[in-house]
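You will see chain A twice below: alongside chain B first, and alongside chain C after that.
Our next item is the complex of A and B:
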């Protein structure tokens, strides 16, 4: 790990981290501000929801959520948090080494006396640090919003912590898989289409797998690995799926190192 | 001691050729010119030596160490100026240079100031605001600021105005006097002739010739054009003349040997115009491949 690369990478991403954190703050705070209204009209609300097509309710996990409880309501909005986090982490993963190549600065960095694995490790840690800042903001805003709007309603702190901690594993997954894909394709010209594709792709897979019942798709999408409805229902992670998630993350990182160390840096042309 | 030893180095990008079976040595303290047309494999060779790309077969050693096994260690003493310079657009020149310096264990602040004064580089501008020539200057300063033992210059003069080129050549000569070995790639024969002791000529991925610059010049053809009234082509039938053509009262030929023989012939006739010039690189290559 090279502290100068770490510092450079972290500072480069600072603005992006600020924008994502700000957006997530708005999302969580405004969404959760609606909770008192939902909770007071719970009976009405649940009846209203039951009129939606069943498939739609399943796709959003609404069939298993009770919007009148703190965690039930939070888990609904958490789906959108997960989506944002997936896209942000995907962005950093896809861009981690490919941006140096598309902006042609790879020659500068890699002709310095650092090894490829040092470069990779420093960049990964810097991106993870950036993501952790965003995760920290999510924790903070969640606790503040719940304290402000829950009224007299109780909730289980342990389950909430479990839900929030899944953000970090979620980020690691999308960063690593993004990085791995960026090193398997020939050249990444623009990062955003890839990360949007990966983020929404995984989300849609999870939604479909809900509608069609148990399908193998849920094995590869983190939206299933960390299904908020499941976590709240059982006060626990779905352990085999979480282990599978960690396995995919580690495998993606392994492949990334292996590919990057052997990679021919494309010349300017 | 040979600073660079390349033996049977081959690089294919998939199926397309990079370089084929290149072998050459560069000795400590020399300025080695590496010339060839675009796409001949000059940059490929340099990028292999910097381990930016990995060889298909063969090996290369720099400072006596294998480039694939000891890349980071070797690069401590290498300065590299790429042919196209690209840096982090959002950064200021000074920040980029500091970032670059941070990779080496030296306090390079003094050297950085000296170099940017010589190259008239403004330190507080953003990289994105710089012209191509100014970016090249940033490249020169960042390539030299850690006082490397070996310099790779890949077509370094492109984008520099003549005055800056001059300063740059002086700078390289000065570095060389201090014992720095220089690997200078170019497709302009003139600048290689001005600077280098020895040259390697590469064409279509293969080394065509490695020789002392003097031998190359001695063996070299001159391109001569004579315009005169009532010109007799037969009069120029000298040993060493080739490709003789007459075109609308103008005589074109290549000459190899003692140029005085040609000058005597010319002085014997009333000419309207004479030019004697270096053949272009392409014409020299024609010579090597005849």
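Our next item is the complex of A and C:
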């Protein structure tokens, strides 16, 4: 860990963190502002719904559409928060070390008296700190909007905290997988297409397994590892899937270190 | 012409990757669809569901047991992928010259900046057309075993046309961003931001009646699968809006790029 690298990395990301946090704030606040109207209509809808067979409700993802409760509504908008967070974390992961090569600053950095693993650790910690700032904003905004818009409705604080905490694990997953992929390919020219592909790919896969019932896809996509509907229903994480998620994150980090230390980094000619 | 060919070649790999993704998506979906196909039980249950619920899920227009209905649900995924692909191609083609430090080279060639944009835009357009055609072709092959009728072919044509128009909107937008952003790095991310925001808006506006006006701001709503299915034609007003957006973006791109200070 090198504090100069850490500080530099953290400061260059500050603006991006501000933009992402601002957009997430808008997203959460705007959706929650709709909540009071929705909750009234949703109560009616739930009544209708309860008359239909359970299999059908699950197949169409209706079991998670209880929009009349605070948490049910939150789980609906949480999906979009997850999508944004995934893309942001993917961005940071893919760009973490590849940006030095595409901007031709790798020789400058690597001629400094720090080992490559130190460079990597400092960069990782800086990116993680930036992501944590964003996660903090999400926590704050969520609590404020719930307090403002929930009216008289009750909710379970423990479950909410669990949902919000999953954001951090989610970020770690996309950051390390992004980093790992960026070190497996020959050259990352531009970060956005990669992180978009990863983020949206996982999102579409999870939406898919939602429409078409149980598929093995849930093993691959982190959107299913931290499925808000599951967390709310059981008041707990889906432990095997969360462990799988953590396993993938750690494996990706390990491979990244291993690849980066051995990587042939082209010098500026 | 040389720039055009060069760009086509450079973006060929990206086209292949996108096509593979869309092909996988279609085949995965069609396999899953086999569980619903002409299952009278599902149809009966869907019929007995309350209207407001179906509306919230955008399923009021679709009967999931038919191929048409199934493709109606699929449309938003095609639209999303087409939008991202087109916006990426558009913004990347312009901004990559600055990123890869090749802009000096291409602009000292004896061609005007306008011609550079035209060649690049055409190359991106060819990619978009190819992407739609691949989606179309693969869809036709994939659903053959369900013996789709004329309704399906008509609806698919309409869907693919909408997908192409969506691509055009986001391609023009991507080009504009690529030409206009001073910091080349921001072009791609801004395009993504716009796609995300408009996608969320399209979801919100279908959920809430009094937010209906939002549909004018999000291209995903210009070509809403449910509306397409019901009316069986494209909405004239939205077509006009599409044309205006595309023209404004293109004009802006040429105008800005011609007088821009490039980062070397």
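In this section, the second predicted complex is superposed on the first by the 247 of 269 C-alpha atoms of A that agree within 3 Å, B and C clash if a C-alpha of one lies under 4 Å from a C-alpha of the other, contacts with A are read in each partner's own complex, and residues count from 1 in each chain.
Simple rule for what comes next: contacts are C-beta pairs under 8 Å (C-beta built on N, C-alpha and C of every residue); 3 or more make two chains touch, one makes a residue touch a chain.
Everything numeric in this text was worked out from a predicted model, so none of it was measured.
Peer 1: Going by the contact rule set out at the top, does A:189 touch chain B (first), chain C (second), both, or neither?
Peer 2: The answer is second: A:189 touches chain C but not chain B.
Peer 1: Determine, under the contact definition given at the top, whether A:143 touches first (chain B), second (chain C), both, or neither.
Peer 2: A:143 sits against neither chain B nor chain C.
Peer 1: Applying the document's definition of touch, where does A:230 land relative to chain B and chain C: first, second, both, or neither?
Peer 2: In the superposed model, A:230 contacts neither chain B nor chain C.
Peer 1: Look at the residues of chain A and decide whether chain B or chain C touches more of them.
Peer 2: Here the partner covering more residues of chain A is C.
Peer 1: Touching A:87, do we find chain B (first), chain C (second), both, or neither?
Peer 2: It touches chain C, and chain B stays clear.
Peer 1: Scan A:155 for contacts with chain B and chain C and give back first, second, both or neither.
Peer 2: neither
Peer 1: Report for A:265: first if it touches chain B alone, second if chain C alone, otherwise both or neither.
Peer 2: first
Peer 1: Report, in rising order, the residues of chain A that make contact with chain B in one complex and with chain C in the other.
Peer 2: Common interface on chain A, chain B vs chain C: nothing in common.
Peer 1: What residues of chain A sit close enough to touch chain C in their complex?
Peer 2: Residues in contact with chain C: 23, 27, 30-31, 34, 37-38, 41, 44-45, 48-49, 52-53, 56, 60, 62, 65, 80, 83-84, 87, 91, 102, 189-193, 196-197, 200-201, 204, 207-208, 211-213, 215.
Peer 1: What does chain A use to touch chain B in their complex?
Peer 2: That would be residues 2, 4, 8, 12, 103-108, 110-115, 118, 262, 264-265, 267-268 of chain A.
Peer 1: Considering the complex alone, what residue numbers of chain B touch chain A?
Peer 2: These residues of chain B touch chain A: 13, 43-44, 47, 50, 52-54, 71-76, 78, 80, 82-84, 86-90, 99-100, 102-104, 142.
Peer 1: Residues of chain C touching chain A in their complex?
Peer 2: Spelled out, the residues of chain C in touch with chain A are 14, 21, 25, 28-29, 32-33, 35, 42, 45, 48-50, 52-53, 56-57, 59, 73, 77, 80-81, 84, 88, 92, 96, 99-100, 188-189, 191-193, 196-197, 200, 204, 207-208, 211.
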